[in-house]
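Chain IDs A, B and C follow the sequence of writing; residue 1 opens each chain.
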Amino acid sequence: MTGANEPGAAMKALIARLYPICRSITGEGVRETLGILCEEIPLEIHEVPSGTPVFDWVVPDEWVIRDAFVKDGTGERIIDFQAHNLSVVNYSRPFKGTLTLDELRPHLHAEAEHPDWIPYRTSYYQENWGFCLPWNRLQAMGPGPYEVEIDAEVKPGSLTYGECFIEGRSAEEVLVSAHCCHPSLANDNLSGIAVAVELIKGLMAAKPRLSYRFIFIPGTIGSITWLALNEARFPSIKAGLVAVNLGDPGIMHYKKSRRGDAPIDRAAAHVLKARGDHRIEDFSPYGYDERQFCSPGIDLPVGCLSRTPYGRFPEYHTSADNLDLVREEALAASLAAFREIFAVLERDGTWLNLSPMAEPMLGRRGLYAAIGGRSDTKDRQMAMLWVLNQSDGRHSLLDIAEKAGLPFALIADAAEVLAAHDLLAPAEGRVL
Amino acid sequence: MTGANEPGAAMKALIARLYPICRSITGEGVRETLGILCEEIPLEIHEVPSGTPVFDWVVPDEWVIRDAFVKDGTGERIIDFQAHNLSVVNYSRPFKGTLTLDELRPHLHAEAEHPDWIPYRTSYYQENWGFCLPWNRLQAMGPGPYEVEIDAEVKPGSLTYGECFIEGRSAEEVLVSAHCCHPSLANDNLSGIAVAVELIKGLMAAKPRLSYRFIFIPGTIGSITWLALNEARFPSIKAGLVAVNLGDPGIMHYKKSRRGDAPIDRAAAHVLKARGDHRIEDFSPYGYDERQFCSPGIDLPVGCLSRTPYGRFPEYHTSADNLDLVREEALAASLAAFREIFAVLERDGTWLNLSPMAEPMLGRRGLYAAIGGRSDTKDRQMAMLWVLNQSDGRHSLLDIAEKAGLPFALIADAAEVLAAHDLLAPAEGRVL
Amino acid sequence: MTGANEPGAAMKALIARLYPICRSITGEGVRETLGILCEEIPLEIHEVPSGTPVFDWVVPDEWVIRDAFVKDGTGERIIDFQAHNLSVVNYSRPFKGTLTLDELRPHLHAEAEHPDWIPYRTSYYQENWGFCLPWNRLQAMGPGPYEVEIDAEVKPGSLTYGECFIEGRSAEEVLVSAHCCHPSLANDNLSGIAVAVELIKGLMAAKPRLSYRFIFIPGTIGSITWLALNEARFPSIKAGLVAVNLGDPGIMHYKKSRRGDAPIDRAAAHVLKARGDHRIEDFSPYGYDERQFCSPGIDLPVGCLSRTPYGRFPEYHTSADNLDLVREEALAASLAAFREIFAVLERDGTWLNLSPMAEPMLGRRGLYAAIGGRSDTKDRQMAMLWVLNQSDGRHSLLDIAEKAGLPFALIADAAEVLAAHDLLAPAEGRVL
């Protein structure tokens, strides 16, 4: 038995364990991360060789980073990869030399608006090198010279990703994607991974109707690679969610799929609304891997579920996106939202009222309060009446819940009770 | 000649005459009520035998109530059916005995929130008996014992309803339904009956285009019975209204049919908007007999027109829904709203502009102000221009009225004037 | 080279030159006006004989006005056509006589609400005569008698209009209509003419994709005449604007075509929104010649672009609609709005993303910022992503601009850049 806070604590603990690893879009950091996940869930690890063409892209060479620093005249590491892996521009090419501040300055990245935080910078596809540091530290740097070294390598290898498939009674799939390419950033990346792991554990125990596929992939190139290798699966994918930024204290956000009215869009909107303060946003071609899933030739029904979205919290892509930003209760609430959305996908369907001429006599079946008169409408009774009235084969349970202004679960429960009394039957073609 | 208030007074007088009768879903109370209506309108009385199957239901046995009381130790009737017919639970089965308050209490119904009012309770389909009384009187009752008697019977008989058909030039029908099963309740029940009677009188004099069918039926089982016996009529029913709660001082409400966009829905919304403060509500499967008319296998275009809807006035289903609650001017205004809605149904139609290339020269026909220049747009002129511009066979007069933001009657008048000048012809298939 | 204010100044100068001419729906005033336009643009002049049937109308006889006055006992002209051509009711029939004020009064038009202004009145189709004068002057008039004379004639002649066609690469036409029938009124009439002339000059220099047809016509009878003579052109007319009231200081207004969702409606709404404070209105069958272009049998996609619409400025149809009301900067801004709308019509189209599976690698093509990380979304980058994401053959560039919330020009520029990199191709059938 787990207590109410235990999923939150377990997710936070996993995040804390993964936090120090220096991940990138390729390399040992991703492998180490996925290896830890393998301790918790059955994860299939894929390695895709550098140079593999994937749509308009090519799998890049692998980045190896061993050390990186800038030393001042006293030999002190004033910028030190060992102290914080954001200190080096991700995918920096190797460099060694002695430079004045003027020479070094074009390779230094700092942000004046948050003078104590280290920003996160990458240079995957342009050969370059650089360091990131707090603005205050940059301001304190003298004219030099400085001893500068980046002990790194970019060489043929592979791109690594993990995949976990939970087979349901139906071949229809729900895809959940979490990126695993960010170094020490807690909310943007690790929170999504941790929620996905907890979801997998629950689904494996639950024997769901639908099948679920979770992928842990490097952002952009990872999702493009997965898509290029999995075109045959597209027709089976009936819904999907990009899981990201799920531990911060902000309200829940759902960004719709490109289609805008896919079942996942309606399910997520219904659940978030019932859960309280939230925001639903239209698709836009920026953000996380929904950009790829929703490109025009692919157009999968994949939305993005997060707390605070891409780039909208001040700590985003800085050293302040750390373990303090991620809260156990926020992670637990995010997990619950995912599970409720899955419950809608699992239970939604279209039913037929088998007694459609006038209302059936519910009282005779013990489904109705026996003493009538003074209006005493119970939500449960209303749910039954709504399901009966709307089950003409043209309205799904979610349609009915929206029209009735009642929670989906209440409507779905009513349908089950009515079906048990032979007043309702599933419309053809549905896997139960 | 009748004065402006006379219809209100006539309706109020009818309500006062019907008020004392103890009606139920079957029995002498309904027969006596319909007998009184027969004095005013040509009403066909139908008797449907107990045991007749009607869709998922069966016509119940008939209820006979002769007397009912609770006497205290002094022999005084402290609860007395003779004093108020709400005092006995409607459809109570016979009972006779001497009971302490503790034994009697489960059979007593009172409402603390309105301590001086008798609530209205029924138990049609569950064998039971009971009394209703003001909360204050219940609080004053001693431990007993009490002499208790319900002199009633439930035995094979029939369900009674009345029907009045006014044949128009077209076989298309408008259905108006009023329930006639409530005992001494004035607004919820009798107001609908009284307005329906007045509407019938007016329509008989008016020789309408459409045919009108009025049914006076017990709630729920009565409408179900009528529907089961009249399936062949469904295709002819082009519009319908449940008439209820038409005498209270609240604003007008229209609850849409299940279809939501039927001609009756649009006509009612247009008329209520033009008449002032009002409210339009979406269909929901609760309330009055629209529940049955709008069940998914029947789905007739029937809405519900009322002042304060089902269950929303404090006097609802209590002894306070009495003659004081029902106002002559409210009845008269309700009647007027019905008539205006009927007028829209009567006059709406699609016309064809016979001079559709540019505007026809209205001035030549005396249809236009002769001296132009300074903008002096009259509504009547605008109505003509709107009708001409939109009469391409795709817009009905009601469509045009809505688009123009002008009253329907003005638009319909303009169409008549234009037709008289051979600028407009009815689109095919319309009965004029 | 022209400075920023030059088009405004040129338009104002043309208006000032045209202002004194006494125009009507036929006659020398129109001919003189169009003759002046011929000095600036290649204008084809058409004469349509009186008596020519045009749809439901007939081209009227021509009005000749030589002089008109009311003299008091001292011989002074207290109402004088020579002083202001609004002083005579337009199309007044000849009259000569000596009248008391009581006899003259039915023929005098004045407006109490603007006591110093001369109102504008016409009587084209009803044989009548009259004078217009300021209210204050009317109040000062003694009992008479007065010497009254209108030296005018109504006799067979012709209706005159001008047409200018600018041939583009495509046979699809944009129609621009300006009425030229008002006497000394500056905003209502002359402003539309002046903007149209400037547009023609620009288009002749620009070699546009679309063809443009400008017509300078008398209101109502002129547009009806043009339509009756040009039915064969209707299928080519893909968009149109009535140009009117373009010099007053009010905000821009666009009144939609009868269709409501034609490309011109969407283009105008997009441009006005991007330009600032404005108002979009639904079509109504009143106002200017859009009444004729949008009659149900013609139904061309023609809207009306103006600053303050028909009848809504106090100076409307009075002597106060003079040169003071018309501002150079308002004329210049109106011209710019037309040009931007034309630019949308010229550049809008549907494209196909040639690399639709996931995003193409923009960085490789130098289309993307090289250093990623911290969110630094530029509008230009977003425009490219939106165009790529939505170019599936179902969204035009204007659709994309609306969805993206970005200016049309930015989206169209992005499409051009992407096409230059072979990432985009025009959907079939488009003239480029």
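The rule is short, and it goes like this: a residue touches a chain if its C-beta (ideal position, glycine included) is under 8 Å from a C-beta of that chain, and two chains touch if they have at least 3 such contacts.
Being a predicted model, the structure only gives us computed values, none of them experimental.
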Item to check | Overall pattern in which the protein chains touch one another (line/ring/star/complete/other) | outcome: complete
Item to check | Residue-number overlap at the subunit A/subunit B interface, same or different (half cut) | outcome: different
Checklist entry - Roughly how big is the turn, in degrees to the nearest 5, that lines up subunit A with subunit C by CA atoms? => result 120
Item to check | Separation of mean Cα positions, subunit B and subunit A [Å, integer] | outcome: 54
Next on the checklist: For a test of understanding, state which residues of subunit C touch subunit A in their complex under the given definition.
Outcome noted: 353, 355-361, 363-364, 370-375, 377, 382, 385-386, 388-392, 403-404
Checklist outcome for this item: subunit A contacts subunit C in the complex at 54-57, 89, 109, 111, 119-126, 128, 220, 223-224, 227-228, 258, 282, 284-286, 291-292, 294-299, 310-311, 316-317
